Amino acid sequence: MKLYEFQAKEIFQRYGIAVPAGRMVARAADAAYVAEELGRVVVKAQVHAGGRGKAGLIKLAESPEQAQSRAEAIIGQTFKGYVIHRVLVEAALDIAAEYYLAATIDRASKRAVLMLSAMGGIDIEEVAARSPEKIARQVVDPAYGPLDFEIRALIAQAGLDPAAARGVADVVKKLYRAFLECDAALAEINPLVVTSQKTVLAADAKFEVDDNALFRHPELLGYKEEAEEDPIEAEAHRRGVPYVHLDGDIGIIGNGAGLVMNTLDMVTRQGGRPANFLDIGGGARADLVRQALEIVLMDKKVKGILLNVFGGITRGDEVAKGILEAVRSLDVRVPIVVRMAGTRASEGLRLLEGTPLVPAASPEEAARKIIGLARA
Amino acid sequence: MKLYEFQAKEIFQRYGIAVPAGRMVARAADAAYVAEELGRVVVKAQVHAGGRGKAGLIKLAESPEQAQSRAEAIIGQTFKGYVIHRVLVEAALDIAAEYYLAATIDRASKRAVLMLSAMGGIDIEEVAARSPEKIARQVVDPAYGPLDFEIRALIAQAGLDPAAARGVADVVKKLYRAFLECDAALAEINPLVVTSQKTVLAADAKFEVDDNALFRHPELLGYKEEAEEDPIEAEAHRRGVPYVHLDGDIGIIGNGAGLVMNTLDMVTRQGGRPANFLDIGGGARADLVRQALEIVLMDKKVKGILLNVFGGITRGDEVAKGILEAVRSLDVRVPIVVRMAGTRASEGLRLLEGTPLVPAASPEEAARKIIGLARA
Amino acid sequence: MAIFVGKETRLVVQGITGREGAFHTQQMKAYGTNVVAGMTPGRGGTEVEGVPVFDSVAAAVAATGANTSIIFVPAPFAADSIMEAAAAGIRLVIAITEGIPTLDVVKALRYTGERGVRVIGPNCPGAMTPGEAKVGIMPADIFRRGNIGVVSRSGTLTYEVVNLLSEAGLGVSTCVGVGGDPVIGTTFVDVLAAFQTDPQTEAVLLIGEIGGTDEETAAAYIQAQVTKPVLAFISGRSAPPGKRMGHAGAIISGSMGTPQAKVAAFQAAGVPVADTLDQLVQMAGERVRVK
Amino acid sequence: MAIFVGKETRLVVQGITGREGAFHTQQMKAYGTNVVAGMTPGRGGTEVEGVPVFDSVAAAVAATGANTSIIFVPAPFAADSIMEAAAAGIRLVIAITEGIPTLDVVKALRYTGERGVRVIGPNCPGAMTPGEAKVGIMPADIFRRGNIGVVSRSGTLTYEVVNLLSEAGLGVSTCVGVGGDPVIGTTFVDVLAAFQTDPQTEAVLLIGEIGGTDEETAAAYIQAQVTKPVLAFISGRSAPPGKRMGHAGAIISGSMGTPQAKVAAFQAAGVPVADTLDQLVQMAGERVRVK
């Protein structure tokens, strides 16, 4: 679950990390009101996508009037598919240095890792690609947490201003604590600003929570409501169905994440464009297939559906019966191709003959068939 | 630093451990007021000493009137040298089972240890002495904290009612967290009560904080004020001097805890009774010796002082000068014997000749001399 | 035994009294796996599918000599179950459970790591040595015994490969699903190392997917250490960056984990990469003599 | 080298720029200890008593090959310093600092333990092999080289024993102060094991005190494993229960840590217990041939 900048900053503040004074507003007039109080401000679009600066979605405003006009220009814009509803209006900082600081999971070491760089305020992916040595890393042993001497080494390696070292070390510890206690997947501050008065603040904030850990974070559930922006994804998740909305027109349903992913690949390979990823998991009970079809059909762009099922422990013929039952209970107006493999797959496919469902024996065949039918 | 029961319960509550409803009062009339609200209550003396129950300092009261008379009987009593100023008035519990639960430091494993027993509500030292197998123990690996399966094993080993297992496991985790985060030396619940409604509460509470960790617990400093009961010890600690008040009449001062402890042994061995333990630490600067003498003389029972100093890196003659300087600046009316050993000890002892300070070459001789002089 | 599981496996099923645990215990027993014990706290003394249930793994190990554990415990308690198995002396823990919080897995692997205990998964289909033992949830019917090692981050996709292999008359030595989570106990490299020293395995099929750098690490390892033929396939080539395709591990973030990088790494290491599973199996057939 | 410290010791002083650190660096150098480096964060590049100072132990080790560390860092930061030394490859850490929170010590010893690093202390006077190296704060003047190993929980009391030994014409192989805290890195048993295999040591004086059960454990160990003569002394026999006599470790709680139990344990193990230090030294003289 990705949080908005203002939500991430709420968490950081809870852990004692300083952030600029500011308020989140949904109406441009309110931005002027906040600027009256704060003086020179920055108006920042609240949206789950990176690259806001380059896109003109973070703007300095010298006056309340300018703050209002900046907010007016931003609110209502669509950016990378997301409609911007709110802006964060924050006091502009007196910046002496901009650093990059993050905690995330390092798959290779199977542990959390702290990353720190003196190259803050710019796209860290670019820094990572061009000069990876500019990003200092410290893997955190979960048995001990980051130790003081490790943090000192991290700061030294990153080559930060020694005068800021103590303040940064303090933020590093707090960031890791927030990361750990909130079960984060990512906690990032870019830039971490050192002002000319040597105070250290999180000028921007990204925070991503491990969805699997949400069950033990009732305090974060309020953010969840706000986090989902795609209405179909939101509905799918309410029903507990792993659905990812994409921008094509071929609906994809399958059992098992790897199988579905591969089905997307097949459709793409044959020139089609998948409308979604949807995994119905083990087996293929009729009610689950029905739920899946309902969700996929919420996307009005869908012109055809590919159902790819592997009959594993549940046998192919039983799976076919489940699918038939589900489809009959719905009024489906688009073609459906069913590809089936595994235990008793041929028996399963035979059951589909004479029904509106189009059988296919291989992913390639299924992809070809559904693309053809959808174009017809 | 030992906390009072009501303070320990404040901490437990902060960590989510349930305690009986109750209020701490200093006037007997207030006990009646609390009992009006709570009904049947227990009136419990707040004092830093064990064995309250046997001494009649924990009493059930059926009515507000009885609560008041119980409180009147307790407040003002002296128990094991402590004057009782306050009582905790608590709702009486509907007890189904009484367990013992504690977290402390296990020196042998160099880790924290959890202890759990079905033999709650009685003196655990007695249980430990008579049937140690009735106390289940689980050493906690600090790298992971107590793990769920370890707590299950602990509960199974202690032979608790399985119906209470989940509730007890929850308290165990919270107790450990309180222990860890407050830098405790001991966190004990005896009895841990399971009511007939299967709720689990800390009916009594002991909590001792590691003095060395108080610097990082500003939230506990309020308890510190209240914790010290011996006025001389309190004054000594304000001055940063390790002083322990005992009940004899020979004041003991020395450098190094082991040396002072051994000096006490020597005096006791020769039939004297030490009035205190006081360690001036490394060297023997005049101002430190002066502070030490002032503190020891606050005890009006003191009839003589034994100063036992090892001239180590600081040479004996320099130590002697420091002692002389300190004693001269004070008006000391009791005899002082100075025993000196180590580097240049004989030179040091020679400097004391012709002064009111009585030199001695061995601890035995020093002890014999000061006992004789104090009796004179 | 080819690798990890086989005739020597003495299995304890953690979470045996749950729906999944009970069903797969029956399936594994039916296949011939030596399921010696089950474990669910508070259910000790009962039986599931003829298997005695214990209150703790320690009790199960003491009574039955179990050396391998499979975990069907619900996600909130699964990491603790992994650690309990390791503490009780189990040497191999196969964690089927999906949806364990990542930081729980980090902690559990720190714990098992310092005890030298191997964990496969979590969020994996398990491991299977056809004809000897199935410790997992894969459909046994589709497997033929043979000399091809299969290792994969995906479940159903693996079944598909195995099914194609069987249809092509080829068989499997051991099939290991390492799991689709970002943090897993046993990686491609660990499995490749085991296949390399396994006399039964003559070639290895590696089913990778987008996200992470396990495939790149595996490619480097193959080049340096593996002499047996390895063939690879990468799933998720059409996935857009930043979208999580079911597997928490399958997500392209920035320049990390792209299919292009993985394919390039394998090719640079001399590992052929198939475009489709059919092609993968066909390539395998060309390299392995059928016994 | 008798045990732990000697000619091979290459010492880094952590907290060298503090008052205590600087003073004892001078004292240790004057004795001939091979002090190769100092360390204080932010003070790298400077010198103290002619010793180069580094920002981290890792840098000190890299530049000087230090193998032993002594800690004079203030209590709030001392546990981290111990871990830093262990992470940098130091094999023996002697922690002089007094007043480190017990749970910090617990954590630090967990850390050093899994790295096989020995910690002596904290809250100890250090270790000294007369004629070779002094890694601690003990007064060097009172020591004579010899063949008696001394191990003690107390500082000044140890000096007193050593002083008496010297006055009696006896000498010390190595003197180790294990420290007065409840949780310490090196216990009596560890030191006894080292003395047992040390050719220079012919007899051992053990200065115990009330509190804990280290003495009882040592008694059992001596009976089972130590063939050299051991003589014991217990301090704090007159201390009332529940009172902390300076040393956080010296406190009798309940039936634990009483002097009676300790004396009885030694006597049962055949270890003579002296009533006074004079008597202890006299007994030592009767058992050791003076070289």
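Residue numbering begins at 1 within each chain, and the chains themselves are lettered A, B, C and D in the order written.
The rule we apply is simple: a contact is a pair of C-beta atoms (placed from the backbone, for glycine too) under 8 Å apart; a residue touches a chain by one contact, two chains touch by 3 or more.
Remember, predicted model here, so these are calculated numbers, not experimental data.
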Q) If every chain is reduced to the average of its C-alpha atoms, which one ends up farthest from subunit C? A) B
Q: State the pair with the higher C-beta contact count; candidates are B-C and A-C.
A: A-C
Q) Comparing each of A-C, A-D or B-C with B-D, which pair has over half of its contact pairs in common by residue number? A) A-C
Q: Compute the distance, rounded to whole Å, between the mean C-alpha positions of subunit A and subunit D.
A: 55
**Q.** subunit A-subunit C separation of Cα centroids, rounded to whole Å
**A.** 27
Q. Could you state the distance in Å from the CA-based centre of subunit C to that of subunit D?
A. 50
Q) subunit D: which residues touch two or more other chains? A) 107, 110
Q: Enumerate the residues of subunit B that touch no fewer than two other chains.
A: 142-144
Q: Make each chain a node and each touching pair an edge, then name the shape: line, ring, star, complete, other.
A: other
**Q.** Inter-chain touch pairs (all)
**A.** A-B, A-C, A-D, B-C, B-D
Q.
Quick check on the complex: what are the subunit C residues that touch subunit B?
A. 41-42, 55-58, 77, 80-81, 83-84, 87, 107, 110-111
(Q) Considering only the defined contacts, which subunit C positions touch subunit A in the complex? (A) 27, 75-76, 99-107, 109-110, 137-139, 141-142, 152-160, 163, 180, 182-184, 207, 209-210, 212-214, 217, 235-240, 243-250, 254-255, 275-278
Q: Would you pull the subunit A residues touching subunit D in the complex into a rising list?
A: 143-144, 147-150, 152-153, 156, 162, 165
Q) What part of subunit A is in contact with subunit C in the complex they form? A) 105, 107-108, 110-112, 125, 128-129, 141-143, 180, 183, 185, 210-213, 215-216, 242, 244, 246, 254-262, 264-269, 274, 277, 279, 282, 310-313, 341-343, 362-364
Q | Contacting residues of subunit A [partner subunit B, same complex] | A | 142-144
